[in-house]
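Look at the two complexes coming up: chain A is in both, with chain B in one and chain C in the other.
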Partner chain A sequence: METIRIYLTLFATSIKARMEYKASFLFYIFAIMTFYIGQIGLLFVLLNRFHQIKGWTMGEMVFLYSLHAFAYGFTNLIFSQLINFDKMVVDGEFDRVLVRPLSPLGQVIFSKFEVSTAAHLIIGFTALYFGTHLAGIEWTLRKILLFPVIVGGGVLIAGGIRLAVTAVAFWTLRNRSLVHTVIFSSKEFINYPVNIYNMGMQFFLTFIFPIAFINFYPAHFFLDRSGEGLLHPALEMGTPIVGIIVFIVSVFTWKVGVNHYQSTGS
Partner chain B sequence: MQDNIAIEVKGLRKEFKVSSSGKGFLGKLQALFHRGHKIITAVNDIDFKIRRGEFVGYVGENGAGKSTTIKMLTGILVPTSGTAEVNGIVPYKDRKKNAAKIGVVFGQRTQLWWDLPVRESFDLLRVIFRVSRSDFDRQMAKLEKALGLRPLLEMPVRKLSLGQRMRCDIAASLIHNPPVLFLDEPTIGLDVLAKQSVRNFLSEINRTEGTTIILTTHDMNDIEQLCKRLIILEEGKIIFDGETEFLKQKFVHEKVIEVEFYEDDCVMQGIPGVTVVREQGCKKWLTFDSDGSGIGEVIGTIASQYKIKDISVKEPSVESIIRNIYDNRIKLSTS
Partner chain C sequence: MKPELFFKFASISFQKQVTYRFDCFVGIVNGFLYVFIFTSLWKALYSQFDTTVHNGFTLTAITTYAVLVMAVRISFTMDDSIIYRKVMDGSIAMELIRPTSFFFMNLAENVGHSLFHIMARTFPIVIISLLLFDISIPFEPLRLLAFLFSFFAGYILISMLNFAAGLLAFWFVEIFPFMLFKYALFTFFSGGLVPIDFFPEFLKPLVNFLPFQYMLYFPTVILTGRVPMAEVPSIIISQLMWILIMGVICSLMWNAGKKKLVIQGG
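Then we have the complex of A and B:
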């Protein structure tokens, strides 16, 4: 409990520090809103063009997108500071994190907050509303209860991948381009149902770089689609387990990385 | 580890892998695919023990391995081999526990939140270090007074001068009243007055709180005024570990006698064992062989033969002694 209180204080301070630059803060919010309004627009344009892809209707794809938006929204909220983490390593700023009696990872995570999350979640809800409506999803109690579990699993997957890629900076120092490729470009893969790709790609997105578990597999359950076309029907409910595995591996990578930290010359 | 030992270091070693890329564009391009590595030994199998309450100067030229040692003792770097214990804790294995019992000041880098008023940084550190409100208030009252912090508390850190920021950083490192304090160049870039106030404060907490202090510095005045013990490092190895006073005694013949003669007696003939190192009109600077006569005899001889207007004896500075050690590679045995 005490530790949680400490982290919340750290978090509150980061907000305060950010508010010191009020104009920049407001401009930032404005920029994010503009970006996401554009994203929603794009989504609808796409949906009007393609009515169906590989047996997925427009509504089903919107639902797919909503799962994706929720998972990335929360991931951005929690792990946003990791995007610029290589700077901390290059500048030796990570030194001071290590001389405080708190988990280094916890300190890095709570050192920044990300308003863009709000926008992500607005998109998530918008897409969820239209997806439900267009695809005719029946929200049983089971589905309602499992929805946050699946989103949570998705956050563990997306966040875990982000963390592992971030930890690479301990060895290579600068890894901005790797972070951007893996975190931002790869997202595009799961804007569409994964079964549009060939078998090799499906295998990759399932077992090697398992982002298909963020939305594609669990969507089958919510949409009451049969799992026949899948590599295995059980994958439908694999998200939380895959999430936990990915996250454990990532935290381990991070911990090895911290011991590899080289700091900078004095 | 015994109770009275604050820090114990055995065979501590740190190697860095440095990638060496070739010259020019082609060399850089080649380095992308095939990187040549070079191993640099920053700290080379050092041993030392520091007792509780000691004030130790840790000096050496740039790149001698001072900061690297401090970083291993604070848990920032993991040693390549060897062991270190601080307060009975292995710093790089048990970082959180270690952090709670040490204070760290890096002269080049602030521990404070750049955009926040100083007071808020202190408040945050109080929470992070789990210091109770009452202990914090007591400690702050002391620090505020000793370091003259009151006018600075409401200012954002980015607006502080270097000297002001350093005072705040030192205060920040002591909020949890740690038994061991590491200071990596705390007086760098400070003016004379600021340096003196920092020194006075450090000397006071060492005396009154019994805080063990390890200080790296390039300023030999810091050493002379504060550190009873001195560890000198060269190329990753300890070349001297002993009392600062011992070092000064050893180099006592480095003492310089400054004599001013009366005009009519300006020409001093050679006195055996005495060398004139510099002269300016009737003022002369002399050194003497330590094995021959003592300083009293030398002065006596001069005074009996010439009319002296003024005479004074200059102590050898620690800086000149250390320079001597570096330059002549003098072998020193510790007392």
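Then we have the complex of A and C:
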């Protein structure tokens, strides 16, 4: 109980710190939304001209995008401190974390919450609304119940990947560009249906770097698309299982990293 | 500013980049990732139709565009947070007492930074793409010369955009949202991902009103041969006009900012 109370205090403090500059915060939300609107705008430009992408229409693409926005929004909320984790290692701030009687991972995660998740959620809900209308999704009880499970699985996948790539800092110290590529640039892959890529890349995004499970595979279930074009039809329900596996592997990597950690002495 | 001094600053900035060799390797992967995604996307889009030419682009032409626009974009890599950091830590005061123009010193730093990225990232990405994709670049000496002209003009424009955005640090504590906003507008309107030719009619007035297309789109289409040589002079004149406009904005902001600036001791 005491531990939970401490984590909640850390959580509240981090949000207070972020709200210090309110105007800046609101403009930040606005800027993030512009960025995502630009991305959806590009989809619109392409589909306006070509009507569909490998059998995916505008509504279906927008739904694909909403799953993505939800998963990354919640991942950002929870795992945002990991982006600057190499700085914690280089500056020696991680030493302080280690001497406290709380889990190091828990402290790192609870030390910062990205409130800009609000922007992702606005984009996510808007995309979900338009996606549902344009693609004519029928929301059965089963789909409604499974939606949060799929988003949760997506968060485990995206969060697990973040955790694994930041753990690299225990060995290399500075790893900003790697973190940037793996966390942000790789997102671009799943802005589009994964079946536009060649077989090798589809295999990679399914089994090695499984971000296709964040939106592409589960979207087949929600959109009632037949799973025929997939590597295997059963993959469309794979998100929660893949999420759990990725997360376990990542936490393990992180723990190995902590044991390997040697302070920089700064 | 004396040319020797300019080259001195550029070479120092170049050498700073050389230190991060691992980052550079990751940077190649990062740039190639976008090239891969967009060449796959165009291939998927074009495969849906019997017609081979869309909006003036054959599949080979659009693949060439996707590779070269990314090559130009990577060549334009610069650190847009330099001015912000100088204002935050107060070292901007040193710039004020130097007998050299701050704008040109900043430009020199950018040039050094970019030269490194051209050698370490642009060339490898173009060479790999030449081997992997069906690309055709017309080798006409006059066209190459025109491209170089347009490329430099585009470079100066981006430098000015970053300079102006960086100067906002004189007025705002936090400029990251502005940078994200700038990035979002730039990515969409510069033709960095999808060439302007594919934009719907109603967006064209906005595209023409903004300077972004002169930064990436026009230099790239001059190189790929999409634009007839007869149109090149008017494009370069438009670029020079934008340099004039942006130059006036930059110097107004710089003069106003200098008056606003308060450096705390320490």
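Brief remarks on what is shown
Everything below uses one rule, namely that the second predicted complex is superposed on the first by the 229 of 266 C-alpha atoms of A that agree within 3 Å, B and C clash if a C-alpha of one lies under 4 Å from a C-alpha of the other, contacts with A are read in each partner's own complex, and residues count from 1 in each chain.
Everything that follows uses one rule, which is that a residue touches a chain if its C-beta (ideal position, glycine included) is under 8 Å from a C-beta of that chain, and two chains touch if they have at least 3 such contacts.
Everything numeric in this text was worked out from a predicted model, so none of it was measured.
Set side by side, chain B and chain C differ in how many residues of chain A they touch, and the one touching more is C.
When the shared chain is aligned, chain B comes close enough to touch A:104, but chain C does not.
Legend: residue contacts after superposition of the two complexes on their common chain; A:52 is shown touching chain C, with no touch to chain B.
Contacts of A:173 after superposition on the shared chain: neither chain B nor chain C is touched. By the touch criterion defined above, A:234 reaches neither chain B nor chain C.
In the superposition on chain A, contact is made by A:95 with chain B only, not with chain C. Of the two partner chains, neither chain B nor chain C is touched by A:248. Once chain A of one complex is fitted onto chain A of the other, the partner contacts of A:196 are limited to chain C, with no touch recorded for chain B. Chain A residues in contact with chain B (one complex) as well as with chain C (other complex) are 21. Residues of chain B that touch chain A in their complex: 16, 62-63, 66-67, 71, 74-78, 92, 95-97, 99-100, 102, 104, 106, 108-109, 111, 113-116, 120, 124, 127-130, 156, 184-185. If you check the complex, the residues on chain A that touch chain B are 2, 5-6, 9-10, 13, 16-18, 20-21, 92-93, 95-96, 98-104, 259-263, 265-266.
Across the complex, chain C meets chain A through its residues 20, 22-23, 26-27, 29-30, 33-34, 36-37, 40-41, 43-45, 48-49, 54-55, 172-174, 176-178, 180-181, 183-185, 187-188, 193-194, 198-200, 203. Within the complex formed with chain C, the residues of chain A that make contact are 21, 24, 27-28, 30-32, 34-35, 37-38, 41-42, 45-46, 48-50, 52-54, 172, 174-178, 180-181, 185-186, 188-189, 192, 196-198, 201.
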